[in-house]
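Listed below are the structures to be examined.
Across the two complexes that follow, chain A remains constant while its partner is chain B and subsequently chain C.
Showing the complex of A and B:
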């Protein structure tokens, strides 16, 4: 390996780039040779119930925080206060729509009122089409027999979004106005967005205990970054000349903000609200792992008992809620643009209609507050039982009839790709894998990526879950390879054909708004509880983003270049391989980056359905006290893997762009 | 038909005696340097002597405006002309402190605005001067009338009052009927009329134009130039106009300042620039200007020799050559150039032809 590096160092820079794949190949070959010799030594394996010193120390830390929660001033006057305030907010919203309070056996607003409010608000901020969709979607929750669970999820999501926007929009405005603050914020936001949703949970439970408040705080932390980022972006993209013109008329800074910057960034900020809501919904469902009430909890419990029917029913409710929230906020964003274009005649009718609607809404809310039939959703969720049993039947049928196919696929991929690779990673001495990772970082990403890689490897060893990390790394790598295969095939197809793009893109967009959680359910039905299920779910979860990035990269290859290649006599295959893909190289690296991050976050969630490794360690940490410290260390290991992937691929992307 | 004529500012009457009125804007030794330690550059005789490139290499600073001085008289249209990168846009922004000058004075109606605190500066911007921008800078979420009223609104004028005033101004710039449109429903030329109306609505003393018509199509540009001339006749505002287009400068400007690399190269009326270019740069610049359209008899007359017949027709010295051509060629004898009863010189067929023929030859 050192010889190879020396050889490349001596040739000219132009040659060096061409030979980078050869260096990578040399590194991998060296690894295989050493693996054959050193197999099974210094692998740092740790059995499921074994702990290291760090884990025990973290357990002790948890215990001591638990013991001093009400005496330590930091907790007494700061963390506990936050928890209390959030708890009050959540309880208040829950008492409105989901949970009985005091002497009332039902929430303040019954199902009819909630459906009415949803429809009215959707109509007021969006249009009547999304209002119909919202009403239909919310009624569906009741029919599924998941009304209260849905309302719990909604209550948590709304509370989190409220807090996230209260924090995020002002911070975003600040970051938009001040370059210095923006420079300080950006690395934090980058870091927060590369983290898998999962890892936020553990450290927060340490401080805020498990339950609704913790779930909302986690969600706020996860959902605020998009709000901050997009608001800042919106403020920054107000044209310079407009700001200058307003300045030249003598505006004060406040007038500038209120009359120019905020109105002009409104549409983008509403899109930021959309992102925040979708992020919050995704996180709220995952927060079920720390005992947050709602649909997520139903899914988690069903997944843990491999009850596909119930999981599917609840997963479907999450999907419906995601669609409704996404469509309504997207329509709201579109409305800010189109409102003034609408016919003046329609506009004149709008105000009285809104007022009439408000009166009707008030009546409906009153009814749902007063009468039981309007407060509690009638029936017993017969539709839900049907869905669940249909899902079960389908699963049974699939397992009986298609299992040959699915098992074949699973076995081929598991035995042919996953197992050898995983063995290579877990059975090599830890220092050998470490050297290989650092060498790859050096070749692909440059010196700084290598330094980051070395730090991450060192810290991974320190967490004591090295072996589990390598298992997760193997799954992630395999899934990412599959994602990139899909990405290149579909991305090139979409990039070359506008028609395919128009057909496929909406599906990808829809797939991206789904909380990662729900992807597990159908694949659990198909493949049972194995590592492979998590990998397939991860591929499906990460593919849309990779496909879109590659499609855009291919599309952005200048028309003239393609034309020139065609006129030089290239056939389609030559154009793709010699012109379009090489020119979309930086899109490919970016897609790898995003693919890795998405895959990682899904692979760890897969710990719930038998993927084991780091994801399982984290989940087990929530449920078993003595494994708490190990779970926390596993969360840290996930963060380290994420940082390492992100830094290396980012550096590689920068190199290809240069 | 004559080939494309260069139209020339025809409003000499407004600025005949700039000396006897105090200037509205006077700029003295103005500097704007971007970069680290920008403050040190104007004070250092050594650094001042460097070219832009050398200054960049030595200090990392860019001198956008270097030691510029001029005065603008009331009612005058003062044009600053230069190619891109010559510092003209920076100069005009320094005049209203949209960009903070590094050194020098900008005296506005007797007050050095560099000393104004933020509150006073806002007051000045609200009531004394306003600006028209190349890319309009309109607010897309407001109707035309609200865009025009924006400056009045931030002054705190009541709604009824500012709408009334805005509607008047909209009418003045020829946009009546479009009050309730949104900017993106208008063409570029119409959007710039909104920008113009917004600048006029506050009834400022001075209007600054930063290449206002550069983003427009040539035909629309010509319309808008005429519009500015018409408005200048109607409202008589002092205007400082930035352009990179020489024909625009000659058409609008009473006086023209030519900038290059941040320095002022020459400042004078159009015929002075064409008749007596200060250096090769200006000479190159004005080479393609049809001289007959710009030069006046003053520039081509020769002293009367004893053998000249002095009983020909009389013309004033500020008559443009093109307009005098027919009269001079028709006359049997040389034309006398007379100002206030005093004979300044004479112009014969020879002088006229050398200008007209020379111009048409593209010399």
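Showing the complex of A and C:
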């Protein structure tokens, strides 16, 4: 089918498409030949403790900021004010649901009240099914024995999401209206999302002190970009004709925004809120490193004594919270759509029900404020200890029974794929790798992608961590290949069967929000402290995104096309390889792009389990003053790798679509 | 239709009244005992907790005593070393209880910024070095001398070590000269960075269980030693000054006298908590006991501290004089 469609297209792109893989192959062959000749020259290696001038300069900069913090007016009148405002917000939310205030030994609203509010709000903005889920989920925190920790996490997440939206939605609207502003914002957003948090964690505590404010600001930096991007996208996707119609009616710009653009993009904006919440929850364990209270702390502390069970229990609470908040916001987005269509009779019913609910809710809050049984969750978290011991038993069994198998797998992949590729990258002269990268960008993405590639290569050399960047690049590439393999297999399976989708999807959600270290301890036992463990961790985190995107792409292939192929006598394998995958090509490139970016965001976690290279540099910079500058440079290198691949894959995707 | 929700509201009200009737204790009744830590003379005491169990044990006991004997409001802050020291200047941290040398930080915060001062030894002796799992020390006792390491280098090879023997290092914040040591002792080994203590401990645990060859950086006092008693490899003996030039180190790590650091402000404040920190002094065995309560018996910090304090009242009283 696809071949027939191609044949009818004009001849030139066909020739171009056929020759592109050949050019790529030629470039790679040339690389191999030159590598054999020039191996080991101009590799720009730098030992773990060595620094360059740039790194020392960054160190001095950091030190001078620390030394002048009490006299600098920027601190006295600007940062301190921001810190105070955010600190007050956090303390207020905490006093409501998680922390005792003054002489009161418990927070203002007890567990019953919080569960009531959650249920009521979920029902009001979503539907009764998600309300039930929310009530069950929040009660589960109490049964796990993690009520207060969960509420601390919730308080910080809510504060961070509030701040992120206050900043993000106006910026997003602006970026949606103005192309120029959008162009200016995009690199900043890329930077905020790919710069490893570890790099700015220490300076943040210097500027905003240790405490709630720093934790919230860390989270906002990571969680605001999705809100901005998705809001801008939502404003842009309002149909041109609608805007023109409004224009012809003589509306002002403000009216147009308030009456047309915002209401019409509401559904997508709510999805932005959803993504912001998910990103905020991903920061829970990292914020715990600067003393943010909550579930993250439980995870981090449990892992000091390798207590996987306790860590898993707390990680599970984060997963449950993420799933509840995700489903509620998704239902809210759907409601903004359906609300317009539901008939008036149901609406008349809704009001009194909401009012009655509000009265009941007020009463429940009062009870939870007043009586101990409704304020403090009863029991000692017996469910939690059962979960913990079950997790311990499972990991123990895994470690005892499959470690021979896993070691074999690791050695085959490391020696057969990772090591040769890494040697090729790190032992080639830097300029050779640079030329190859730019050439590939030119062939796959076009002229502009090549210019971006050249800039990134130049800057990478400037960071002084070129060799480490190449080591990381090798692992990243291998991880991305594995992600795409899983993505295609599971994506096609899920895309073809709604039942499989429903069963697998919650697992994917869990893999995305479970703090990596919880599953890394068993992985460490299975694979050792190696680059391979880091690759597996990255695959666990990145594969769900790729799988979801590919599943969507496969599902969006028109039913009629598949039926036509079936009636033409194609078998299942042929339908998948000849129809569904080729037609989902743009989903495949998007999945590669996102898979790569997600893999890169795990580089630092990889550094904690034996990946070395850039990830280790960043972690070391966070831990040791003298290495701060190098860590920052390594963080920049990760951003540069991310930007380079993002631009190349996006340009390539545009070409395949054209 | 309206009658329906009226009935619903009435039902809710009845339910509510029933709940109130069988309500039980009210918040703020004197039944909630635990909270007797009313500021008092001591006020708030900000204690940094660095991320290893030994430190957690120190902090648990000091916090428990400060709270129950001195009436302080103790705020524990979980921070890495670098950030904790940074907190001296901003007034966010009063004390660090277990410092491992860290001459770099001392120079920066005590000598030049003058935001921190030393507060004496904890009594704990810190040992840093290269360790092997006990089975290996038993099977090949000669491995405990560094001169024999090269003969076994092949056995220590892994997928990460590029053909040489692997020496596994852990958390980058810990004091280490390993890369220089390997180079200067001309060993056929490569330092591989596990990147975290969790990864390092798990590696030793697996190595002991599966009888795998492994050598790595480790330290004492450490709770894990009571689970797997690692054996230390002897490097060339430490002599004073043999480690002054970090690039040329070719000797073992010194015996660290672990000490306490407090913020300059806190030292001058006259808080009884400062007196407690200054007098706090115990042995490696004491710390290991509390660390074991926390790490292996999975007791909470407070329960572990209480158990130890109740059994060692005389030691605690000496700190309070």
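Operating definition for what follows: the second predicted complex is superposed on the first by the 382 of 658 C-alpha atoms of A that agree within 3 Å, B and C clash if a C-alpha of one lies under 4 Å from a C-alpha of the other, contacts with A are read in each partner's own complex, and residues count from 1 in each chain.
Please note the rule applied: contacts are C-beta pairs under 8 Å (C-beta built on N, C-alpha and C of every residue); 3 or more make two chains touch, one makes a residue touch a chain.
Predicted model only: the values in this text are computed from it and were never measured.
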Ask   = A:561 contacts which: chain B (first), chain C (second), both, neither?
value = neither
Ask   = Touch check for A:68: first (chain B), second (chain C), both, or neither?
value = neither
Request  = Could you look at A:88 and tell me whether it touches chain B, chain C, both or neither (first, second, both, neither)?
outcome  = neither
Ask   = Can A:572 be said to touch chain B (first), chain C (second), both, or neither?
value = neither
Ask   = So, A:241: does it touch chain B (first), chain C (second), both, or neither?
value = first
Inquiry  = As a test of reading the superposition: which chain, chain B or chain C, is in touch with more residues of chain A?
reply    = C
Task = Pick one for A:252: touches chain B only (first), chain C only (second), both, or neither.
result = first
Request  = Look at A:264 in the shared chain and tell me whether it touches chain B only, chain C only, both, or neither; answer first, second, both or neither.
outcome  = first
Request  = Can you check the complex and tell me which residues of chain A touch chain C?
outcome  = 47-49, 63, 66-67, 69-70, 100, 103-106, 110, 201-202, 205-206, 209-211, 288-291, 297, 300-301, 303-307, 310, 349, 352-353, 355-356, 359-360, 363, 367, 369-373, 375, 399, 403, 410-411, 414-415, 419, 517, 520-521, 524-525, 528-532, 607-612, 615-616, 619-620, 622-627
Remark   = Contacts from chain B onto chain A in the complex sit at residues 96, 98, 121-127, 130-131, 133-141, 150-151, 153-155, 182, 195, 198, 202, 208
Inquiry  = For a test of understanding, state which residues of chain A touch chain B in their complex under the given definition.
reply    = 239, 241-252, 255, 259-260, 263-264, 266, 340
Note = The chain C residues in contact with chain A across the complex are 1-2, 5, 8-9, 12-13, 16, 19-20, 23-29, 31-32, 34-35, 51-53, 56, 77-83, 86-87, 89-90, 92-93, 104-105, 108, 113, 158-160, 168, 171-173, 179-180, 191-203, 205-206, 210, 223, 246, 294-296, 298
